[in-house]
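In order of appearance the chains are A, B, C, D and E, and numbering begins at 1 in each one.
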Amino acid sequence: MQVNENKEFEPLIVAFCCNWCSYAGADLSGTNRLNYPTNVKIIRVPCSCRVNPMFILRAFQRGADGVILCGCHPGDCHYTSGNYFTRRRMTLLFSMLDFLGIERDRTRVEWVSAAEGAKFAATMNEFTESVKKLGPNRRLEDLRCRKQ
Amino acid sequence: MNNDTLIPYIGVVTDIRQDTPDVKTFRVVSPEGGKVFEHMPGQCAMLSIPGVGEAMFSITSSPTNTKFMEFSIKKCGCLTTWLHAMDVGQQITIRGPYGNAFPVETELKGKDLLFIAGGIGLAPLRSVINYVRDKRANYGDVQVIYGSRSKDDLVDYKEIIDEWMTDDGIKVDLTIDNPQEGWDGHVGFVPNYVKELNPSINKTVLICGPPIMIKFTLAGLKELGFKETQVYTTMELRMKCGVGKCGRCNIGNKYVCKDGPVFRFDQLGELPDEY
Amino acid sequence: MQEAMINKAKQLLADGTVNRVIGWKRGEFAYDITPAVFESAEELDSEFVYDDFTSANVSKYLVKECKKEGRILAFLKPCDTYSFNQLIKEHRVVRENVYIVGIPGGPKLDAEKIKAKGITGILGVKNENYTLKIDTVYGEETMPFYEAILDKCASCKSKKHVVYDELIGEDGDVLDSNRFDMVEKLENMSAQERYDFWREQLSKCIRCNACRNVCPACTCEKCVFDNPNSGVENKAPADSFEENMFHIIRAFHVAGRCTDCGECSRVCPQNIPLHLLNRKFIKDINSLYGEYQAGEDTTSRAPLNDYNKDDCEASIVHERGVE
Amino acid sequence: MQRIGVFVCHCGTNIAATVDVKTVAETLGHEPGVVISQDYQYMCSESGQNLVKNAIKEHNLTGVVVCSCSPRMHENTFRKAAAAAGLNPYLVEIANIREQCSWIHKDIATATEKAVILGKAAVAKVHLNAPLTAGESPVAKRALVIGGGIAGIQTALDIAEAGFDVDIVEKNPTIGGKMAQIDKTFPTLDCAACILTPKMVEASQNEHITIHSFSEVTDVKGFVGNFTVTIKKKARYVDETKCTGCGLCTEKCPMKKVPNEFNMGLDNRSAIYIPFAQAVPKVATIDPNYCMMMKTGKCGACSKVCSVGAIDYKQQDKFIEQKYGAIVVATGFNPINLDKYDEFAYNQCPDVVTSLELERLMNAAGPNGGTLLRPSDKTHPHKIVFVQCVGSRCDDSKGKPYCSKICCMYTAKHAMLIREKYPDTEVYVFYIDVRTPGKNFDEFYRRAVEQYNVHYIKGMVGKVTPRSDGKIDVQASDLLANEQLHIDADMVVLAAAIEPDKTARPLATMLTTQMDTNDFFTEAHPKLRPVESATAGIFLSGACQGPKDIPETVAQASAAAAKAIGLLVKNSITCNPCVAHSDELMCNGCSSCEKVCPYGAITYIDKEFRMPDRTTALRRVASVNPAVCQGCGACTVACPSGAMDLNGFSNSQIMAEVDAICK
Amino acid sequence: MLKISLDKLDKLFEAIAASQTLYIPADREDGAAEYRKYESGMKLSNKLNTLRSAKDFFFPQTENLVDFKMEGKNIDVIDVREESEDFVIFGVRACDARSFTILDKVFLAEPVDSYYKNRRDHSTVVTMACTRPAETCFCGTFGIDASAPEGDAACFSDGENLFFEAHNEKGQKFIDSISSLLEEGNTSKLDDVREKTRDILKKLPLANLSTDNFGGDKLNEYFNSDKWGELSESCLGCGTCTFVCPTCQCYDIKDFNTGHGIKRFRCWDSCMYSDFTKMAHGNPRLTQLERFRQRFMHKLVYFPANNNGEFGCVGCGRCLSKCPISMNIVKVMKALEVK
């Protein structure tokens, strides 16, 4: 995304949503016409535990400014335990990104159930705002992929 | 700056022919029409779809064809699958020509020629055969022994039947591995068929096909009295840059992409056994 | 020690317990030791060496060696035994095919440290009462032993052998090491400082893959970074992103499996402190999920293959440390 | 090279009003591999589907992208359409441009831009989709019903009727549930016991039904058609097979001061007890918290009087494991705890009761033998105040946001019954709204007002204060008359909100089904699949899915049964082909994947491989059982070499989506 | 000879950098030296050599070859080459200087590699004679005199002054460009220093290593040697030796999809890598033995066969100190020699 003097910086947010809870939650916020910014683009995965750290880095490489991972609440995973693994993996990954000096507010995990359409929208609004404040992702981008 | 051979030209695919279930022949011209570049029989070109891959293919058409180049390509990897799926009008990138050629203007001139091919191995030889047909006076007898798994797997079958076989002074012997309905020709493997046909040992042999076929045919030829210096083959191994620099096709002190792909068997014998 | 080891190896070869020995072979200089397999008493006598420079961890070779005919004797230092145990746990080695003799470990010397002092033309290195006497073409030089030890030895975590068939010498204890000090120091820097630190370090990477290829945890049949179908394959760090990607993912893949043997940093031709990435994961795992030492045993669940219902949330990263 | 068709749906104006569908179709038409890109009013309609089918045939498509509503809605519709046209159904991808685009955005330009990006991501993904063939797995011909109330009983009976074995697991010593505690039912006022107990008996006698009373589900493994459930049969210290239900033990038991839960604690029972006369199974149960023998080792009265020797003080909990093809959840409801409602003095005054307590007070089998008496002094109440919506339709944290649905009707019933039996009693009902949709419901309510002169007052009760003279001061407002009222009542009846049973939440975790924020089970679709959970093979019956009255519960119970039967009649079911698979050449055999698999779908085999140096070697490699794998993908991330991948959501597919979005 | 006092080096560098880009070996934070673009105040490293070789200047680890834009069925080829700016590499050691000659034989052979040539044409290589060779040095084995390096121009330090000598027109031009800072100087002390250096070179442990047993005609002698198994046994198959080597020049060509175009780039590759020769239908070098053999056969036999006996090694010693398991060309040569 380009910072243009006339135009406010619009971050690109990639949201990975598990099929059973969060994707349904996102659908519900649609059904209830709860607005959240167009910056957020959702990728459906069967379970949050499907999200490989490589996908997250890939998103940053290609120009994402923030990546959020949404899954069922702990204990409610459609596959029983998937999100527990997600929680450990992402905690460690985010901690590592932080260790490497990548702004910690660019990544987030949020548990959103199928019934929490409002939470989904609120989370996305809030996350987009916080990433917007950080400005464009420069520390984990691939210059070759930067849009001219 | 001068053009660099690593920067490819654009080629337009103007015709796609399904030769066998897994071989298609692509006709390529430059966007302005005409051939992208000139070549000699046996030389190769690097074809590529950017982002998909780049690979070396021998140019199947004869240099005497002034309008276009042709490539017969077997579907076996990522790039070839992509090429097989494309439609006419698709642009590809092409660079070359690379490698040496069969010595059609020197050592082969005036000789009786025996072409032995198996399967897709006909592709590089087809260029020479058509070159020889177009410059018929320069060469002696021409015999082609060509075999494949089945009748459907014979590349350029139509051209063989309609043109080569109707030509005077060119003898074509076809064979397939196993009997098949609608096939009244010879059945059997190429090496055995060569021995059966017992060609004159005065001929110079050009051979191309699967390694195992080459190995047994060469042994058979030696039994018949052929010398290694009489037999040429062509290799297409792991080439990347095409100009003998990237190091990939290095065998001994030779680079297949530059010093080959055409080798005489006595030359091959001097190389380490790494191909 | 070298003498005792050679004798032990000859004895085990002679009585048929093993048919090969993996150890270290003398080089051209004092320090260029190569891991090697010995098959005869003569070879052992003439070339086997165990001294202050024999630091290479040979456990990874056992992945390949244990699949060969017969049994192999491996001399393992305490840190190497952790690597080997982890390989047992992951079914990468056949325990029965390896006869392990535990030997005392370091501290081992780092030739780079000596050279960094400007000492060059090294012809020989002798340890006299923890002072190194270095014979060079430019005359004799000295330096304190402890200034020349490998970083990995300076923060040794354990002198205990966690797996062995027999020991030469006494077994040691798990140490209270200071190995997380540098990680902590970095954690206490600002994000910008951390970023600058790592950019400087990782930009040195030439992607020679030495860290990966030496790593006893990196024993994949095919590494994702070599696999054109993985989508992340790359051969050279064409961009700063790819340097980050490679090292983050590599550290992640060995997280909970890395025994902290320190080989990655030892072999890095560009002196990148790669072990800090692994230690960061180890430190996080210890503090968030309970103390865990990979390779300590062969049965426990690796932290990333395990969970607790009341594990902390990922937001903990946002709540602690320096922004 | 792929030949992809893109189909953009207007969804009437649902999408077309905010997203410029023409632009979306046109832009996506230029994506690599896209050979046709069209838009249409309603893509899910028959003609819309025909558009897709014809394009598949005409353009020889290798992939289809439908830009429409959520894939949770119509993915299957379009997959079926593709299959009908000869395209593998798994070569279809949906771009969700309704729920996740047109409905949440207002600006046409940005919404259109986003829709295009979502479409591009779907195109990028479909490039890499592989045709998948679903495998089949056998169906265990047995159903499990969790909960033995009217919902569970009805479901079990219907399934048994179809000839399948059914097990009912009931946590209480008897089946019957809440309906067994109810006196009369609205709107017909027929006796609840008279209609319920025959069904209970029928269930106990049906050869296809096994009742596990006093039991709980402790573990659920497996998946649709193949659940393995562990049931804990709690020790009741009485041998069920021997006990004849004669009741002698309950009479002889010296410990008679146990609050009787069946009568809502309004009277007492013995330590060994049969909950009520018509209990099924009619078997005694010892309450170990009160039994003298169990607590002190001295007594044994029951054992002495039992002629069949059924008493077994040493009985242990027993665990049984059973395979089921389908599971029906019928865990029902409970009135909420009113501890937080100090203003209604529920905890201070015994004469402030809940409606369910009133049921028992009025029941012939209740503590007073059917005579309505005040719990405090056993006198006849002359003025009764009913308070509606206690904890229902509540915005604060004390109560529930939803309407409990049944209170209006049962209060009308109570008022009517009281006025019928005790015409000298005045009845006041304070309500916010009276909600009586349902067959003969409003007529019933009107009879209460018009025929029985029940005083319905629109207004909320502010405070209930017990007075020293035994009366209860009810301070309320009459919103219509706009005045404050004080009523000196003899009894106050609170229509407590109902909530799902507490056992539902842990059960949902075991079943991996979803619940809403109120702990009601979430149905797969609120309109189209109201009795199925989103987890295949798990069906919902009765109040566990939301507040319901008896007729609705029975209707849903039968519907759930029908769905379960529909599953059980199949010999095998089609598996989800989006499962993990391991590339054996890359697999290290390290066991990481096995450790994170929640289904035990991964095993290791020693397989012979040709090594690069032309030797062969045995290698340990992972092997996924596709019938057991459910496709979560946990293993794909645990695998460091990337040997594990997931069909339908492969590494390369997801990365292609990422790339397309970030492009 | 023209000279400049060592304490005036800053002035010299400033002067060179004023007219063209200057690269000098400088110390980085971990003590190792690397070539850096000169900026005011930067100090010349006194390390013997840089950690990475100087080949990066002409053959960088990755470089963009050409861009493509794909639109429908059409492909647009974008030539990304730009004329290089003139630059000076200062302080190149004799071994690295020789490596350029070796790389030239590959990249400047027909068809000329324009990317390489472009940078080569615009460069001036100013070498510097060694005074403190290390034990890992064996440039003498390949006929290189560390005290008299090649290059366009060379400079020599006597501890106080730096003396300059032009080897060709380009070198002369360079010296002319800085002549205002130079003065004629007495070389008697320098001659002593050089003499001393030559003495040291003779005393180095590898001084007697000889190439007599190697060369283009030794193919059959070594290819099937049974030493390869033992030598390659502990090789990790990493690319350290290749990547620090000043003469290794194998490369790979790859495409990178940026999302809005394709970048075709080349990057260093290593014959030590298991997939170097891998093709769709197999790999002719199946084990590390063959790959290991290829690297050393190429340097010691194949390359001299094609290049009038010139070996593909300059004895810089980088692989000796950097190989994780200390296996290197010296050990290979010594092992093979033993009949």
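The working rule: a residue touches a chain if its C-beta (ideal position, glycine included) is under 8 Å from a C-beta of that chain, and two chains touch if they have at least 3 such contacts.
Quick caveat: nothing in here was measured; it's all calculated off a predicted structure.
By the document's definition of touch, common neighbours of chain C and chain D comprise A, E.
Simply put, of A-D and A-E, more C-beta pairs touch at A-D.
Relative to the centroid of every protein C-alpha atom shown, the closest chain centre, again from C-alpha atoms, is found for A.
Among the other chains, B has the CA centre that is most remote from the centre of chain A. Centres computed as Cα averages put chain B at a distance of 69 Å from chain D.
Chain A and chain C have centres, each the mean of its CA atoms, that are 36 Å apart. Chain A and chain B have centres, each the mean of its CA atoms, that are 53 Å apart.
The centroid of the Cα atoms in chain D and the matching centroid in chain E are 72 Å apart. Within chain B, the positions touching two or more other chains are listed as 87, 90. In chain D, the residues touching two or more other chains are 596, 638, 651, 655, 659, 662-663.
Contacts with at least two other chains are made by residues 70, 252, 256-257, 259-260, 269, 274 of chain E. Under the touch rule stated earlier, the contacting chain pairs are A-C, A-D, A-E, B-D, B-E, C-D, C-E, D-E. Those residues of chain D whose C-beta lies close enough to touch chain C in the complex are 585-592, 595-596, 604, 617, 620, 638, 640-643, 651-652, 655. The touching residues of chain B, counted against chain D in their complex, run 82, 85-87, 90. Note for the complex: chain D touches chain E at residues 30, 32, 612-614, 659, 662-663.
Residues 29-32, 48, 51-52, 61-62, 132-136, 200, 203-206, 230, 233-234, 236-240, 242-244, 252, 254, 256, 265, 267-270, 273-275, 320-322, 324-328, 330-331, 334 of chain E are the ones that touch chain C when the two sit in their complex. Of all the residues in chain A, the ones that touch chain E in their complex are 62-63, 142, 144-145, 147-148.
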